[in-house]
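Written below as structure tokens is the structure these notes are about.
Chains here go by letter, A, B, C and D, matching the order in which they are written, and residues are numbered from 1 within each.
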Amino acid sequence: MELIINLSINGIATGMLIFLIASGLTLIFGLMSVLNFAHGGLFVWGAYSGVFFFSLTGSFWIGILCAIVTGLILGLLTEVFIIRPVYGNHIRQILITLGLMLVLSELIKVVFGPNVLPAPVPDYLKGSWLIGDITIIKYRMFIILVGALIFCLMFFTLRYSKIGLIVRAGVMNKEMVQALGINIKKIFIFVFMVGSALAAFAGALFAPSAGAIYSELGMEFGIYAFIVVIIGGMGSIPGSLVAALLVGLANTFTAYYVPILSMVVTMLLMLIVLLFRPQGLFNVSGVSNK
Amino acid sequence: MMLKRMKLSTKVYLLIGLALAFLPFINDSRWFMFLMIQIFVFAIFAMSYDLLLGYTGIVSFGHAMFFGVGAYSAAIVMDRMEASFVSFLLGTLVAVLIGGFISFLAGMLTLKLKSHYYAMLTLALAGMFLYIAERWRSVTGGNDGFTFRIPELPGFLEEHRNFVIYLFCLLAMILLFFGMKRITESPLGRVLVGIRENDQRVESLGYRIMPYKVLISVISGMVASLSGVLYAISIRFVDTSVFDIQVTLDALMMTIIGGVGTLTGPIIGSAIINFSHHYLSDLANIHWIFQRWMILFGAIFILAVIFFPNGIVGTIQNKLAKRKTKKKQYDTTEKSLRKEGA
Amino acid sequence: MSESILKLESINTYIDQFHILQKVNFEVKKGELTVLLGRNGAGKTTTLRTIMGLNPASAGTVTFKGENITKGAPYQIANKGIGYVPEDQGIFYDLTVGENMRVAMRHENDETKERLDWSLDLFPDLKRFWKKPAGQLSGGQKQMLAIARSFINETDLILIDEPSKGLAPVIVEAVIDAIEKIKDRTTVVLVEQNFSMAKRLGEKYYILDNGMTMHHGNMKDLEQNEELKRKYLGIG
Amino acid sequence: MNSIIETKDLTIAFGGHVAVNQVSVQLPENQFTSVIGPNGAGKTTFFNLLSGQLKPTSGQVFYQGKEITDWSVVERTRAGIGRSFQLTNVFPNVTVLENIRLAIQSREKVRFNLFRHFKSYTAFEEEAHELLDIVLLDEKAESLAIHLSHGEKRKLEIAMLLALETKLLLLDEPTAGMSLEEVPTILRVIENIKKQEDRTIVLIEHKMEMVLDLSDRMMVLFNGELLAEGTPEEIMKNETVQEAYLGGDPNERVHT
């Protein structure tokens, strides 16, 4: 029983991390219908700048902050120079952002060097609590909390805030939103920057839990994020959360019981979903898949 | 006579092929031959990619898995069996069958959905193959890979083995080029273009989309596997790098830079990318930035997608088409020329 | 003579390679309801879209309240005080009626509230269905929402594109009543195919044909002019 | 008289919006039926339900007595239901000729041949040219479809539909957005199809004179419901129709 609880907590923590990466992707796809294959690149840039500034300043929070700023800046540049010419054309978006992914992960090696970088956990989040036989690793708890917080924040902002309304309206009818006196270009830049910052934020949180980071992480976790978005239903934030938790739990349990299957299980989940519910678990009707 | 009935373009292609066959007599240095073989192999690989991207509008991000499956199947079969002509054929057959089967599966699952599903599924599948290749050490040798022997050629030919492989790959490229060209110019190929342009309309003309998409992805997967077989044979070694996303990216860049939907574009793209790989890596001794030449490529790729979406061949064809338009007085346009010129 | 609020001078607009508006001249006086008439494809909708900056003019000038707005972005033009009700109404279907209104509100202050209350009195249906997704409204209610939404902010000019299109006659009556009240508060430009409606509401008219201004004047004169009506509007 | 297509309580709702509501109608074979109704009345949606682009929320569709409610677009097209689209819907980056050739190729069931060269089917190309001649578009045969004007795209739509040689032709506002000079061409084409044997035409159209002139029967949709159905005379006399659709004094309506 204790084992199952331990594994579940690990799984949920992993799932929350994946959700954090996927949330930015979902946001950008769901609201702007942009497929950003460079999302993993933003994630890995967040991880590196988080670790770099943490070791530079000694403050974990400054590291996180710098990662978010990095995400915002990269998001801004990406939207203006890469995405803007290809709005509305999925195939070109896929191609161009994959090119960007390549550039981003190679640039990591130029800026931070090609070697694996150790990523420590800040002292006050080190260690664990012991409740009976259940070990609760503090940092994992921290990630679960942050993930839940981000989910609530995104969900309620989109549902109830004015900016959320404008963004949703902009997706339905871009022209009309402009004719109502709203600068939709600015809004889209903003959404893209927030999505990118979420990816970078996820990177900065991920680094300490992995212990070490390298530039190929972007591709690996980019794939995870995409799988989660497919399983959850393209563009649905609750869908992403459920799918991410599912993937996290499935991964943790198979890694323990059938280690050889741990990579394949994510794929299997996706295949099953594609087979029986190709539109994903929580499809948003507005941005459906067909 | 055969020659008379041939179109001008066909003659030109054959002539270039013939010229390439004689190239080793001018420069037979090992590295040059090797480079040319790489160009041929990747040209085949990129052409198979163009069938999907350029002619049907399907984006695959896992094309490397066919390449890798081809390379591994050939290598494993030849490693386990005696290096004979039979094992070579068997390896090729296995490679093509597995390649075809995977693309069939991926196609059935996602091709009825929008383009990005196929892209993501293939990306993930390719990731899975890489993982399996790394973990299943008893068969694949893990990250280190393994070398294997290829069948010995009779007598005199064995002395010029590189030359034979060179000719073999060149011949394969030429045959596959004409084969794929015929597919794109067949009634089926025209339906594919219709699907690329407007898939819903194709349905309301009475064509089912799925069989076409699946069929072309199977053909493409099989050809890609073949290029993997040739690759393995040409270097007599295989490791997990054949499954790398980099391989897919190479095909993508070759196709885009050369010209999507042209088949000749990917060949030219393959030549450009392979030559640049070679020379830019050499430059790494001069400045470390050249070790990171992928940045440069990525940037060129991005610029090409934005400003140069027709690639080299596509742009030239457009120019020619415009000139012809002026002659003809009415506005003939860009790609319509494709079916005549190319 | 009242002052001119909007003026289009030899406006040329292209959509793709098509030359849609060819030297359109058009002037609206403050407080007057001007109707744009003409056959399908005459360029009426494009004229409104050019004013809004949605299909910017390639030549000519658009002046609004003395300011040149020809090259303005749609949102800038809207913020100068022009409301727009497009032909398809531009309702955000998945948002509720209230959310549709909120998206349009530039400020949420007393003045906006006053305008909101006023329009809810004008269209009680909107109040009733405040929390209902706008996609579920009837055609007439959608039209009302679109109109109410277009002047929720301080608005000096409203452009309304064919409000009677696709509506049952009873509902058209309600829309006419509403526009009559609105025109006391702001200047209105109306594109309309339904001549009986145009006749009842309009003070001035402009006739477009093939992207050119063919005729303009007082609505009362047009009513008498059988020849004009037959020639450009196909009625009589 | 046999009905070629029949609907029973055909209904489709998008979210809460009922676009087509309980429409039951029989369209007789070899007759010309027009569908009229204001914008947003559900005419195009009704067509989409007949041709299979949309599946109904409830109700049934029958074609020549067989239920086809669950049939796909492809199956319906092959069975003989062809349609043109309101928003032109052609293959943009291929030539005008090729657009039609693809339709002929489908009709001739040349679907999966990947060994012969497509140009070896010379009859297809000849026929495509003939069809282009009929709609006065042959001089544009080698242009890319994307470069056609709106009216020309409409003509191409109709030529593609003709190429399919279907029993049933659903024409969705074939002359909308055309310049006045182009309309007679299309009218003549439609009249010619009407004269052919074994052709049933259903037309959505706003131009009343045109509808009254051509139709054997008319059906009026309003707010997704079938308001009336009958001969043009019956429809013109029908008071509900007068009131709802034509909106009072018909002389005051701008005919466009």
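We take it that contacts are C-beta pairs under 8 Å (C-beta built on N, C-alpha and C of every residue); 3 or more make two chains touch, one makes a residue touch a chain.
Being a predicted model, the structure only gives us computed values, none of them experimental.
Asks: Return the chain pair with more inter-chain C-beta contacts, choosing between A-C and A-B.
Replies: A-B
Asks: Report the chain whose CA-based centre is farthest from the CA-based centre of chain B.
Replies: C
Asks: Quick one: report the Å distance separating chain A from chain D, using the average Cα coordinate of each chain.
Replies: 47
Asks: Cα centroid separation between chain A and chain C, in whole Å?
Replies: Taking the mean C-alpha position of each chain, the two centres sit 44 Å apart.
Asks: I'd like the Å distance between the centres of chain C and chain D, where a centre is the mean of that chain's Cα atoms.
Replies: Centre separation, chain C to chain D: 32 Å.
Asks: What positions in chain D touch 2 or more of the other chains?
Replies: Touching at least two other chains: 15.
Asks: Show the residues in chain A shared as contacts by 2 or more other chains, in ascending order.
Replies: Correct list: empty.
Asks: Could you check chain C for residues that touch two or more other chains and list them?
Replies: Counting only residues that touch two or more other chains, chain C contributes 93-94.
Asks: Would you identify the shape of the chain contact graph, picking one of line, ring, star, complete or other?
Replies: ring
Asks: Quick one: which chain pairs are touching?
Replies: Pairs of chains that touch one another: A-B, A-C, B-D, C-D.
Asks: In the complex formed with chain A, which residues of chain B make contact?
Replies: Those residues of chain B that touch chain A are 57, 59, 61, 109-110, 112-117, 119-121, 123-125, 127-128, 131-132, 135, 245, 249, 252, 256, 289, 292, 294-295, 297-299, 301-302, 305-306, 309.
Asks: Flag every residue of chain D that touches chain C in the complex, lowest number first.
Replies: 14-17, 38-41, 149-150, 176-177, 179, 222-223, 243-244, 247-249, 251-256
Asks: If we count contacts the way the header does, which residues on chain C are in touch with chain A in the complex?
Replies: Where chain C meets chain A, its residues are 52, 54, 73-75, 78-79, 84, 86, 90, 92-95, 99-100, 102-104, 106, 149, 153.
Asks: Contact residues on chain D for chain B in the complex?
Replies: 51, 53, 72-74, 77-78, 82-83, 89-95, 98, 101-103, 105-107, 110-119, 121, 139-140, 142-144, 147, 160, 164
Asks: Would you tell me which residues of chain A are touching chain C in their complex?
Replies: Checking each residue of chain A against chain C gives 162, 165-166, 168-169, 172-173, 175-184, 286.
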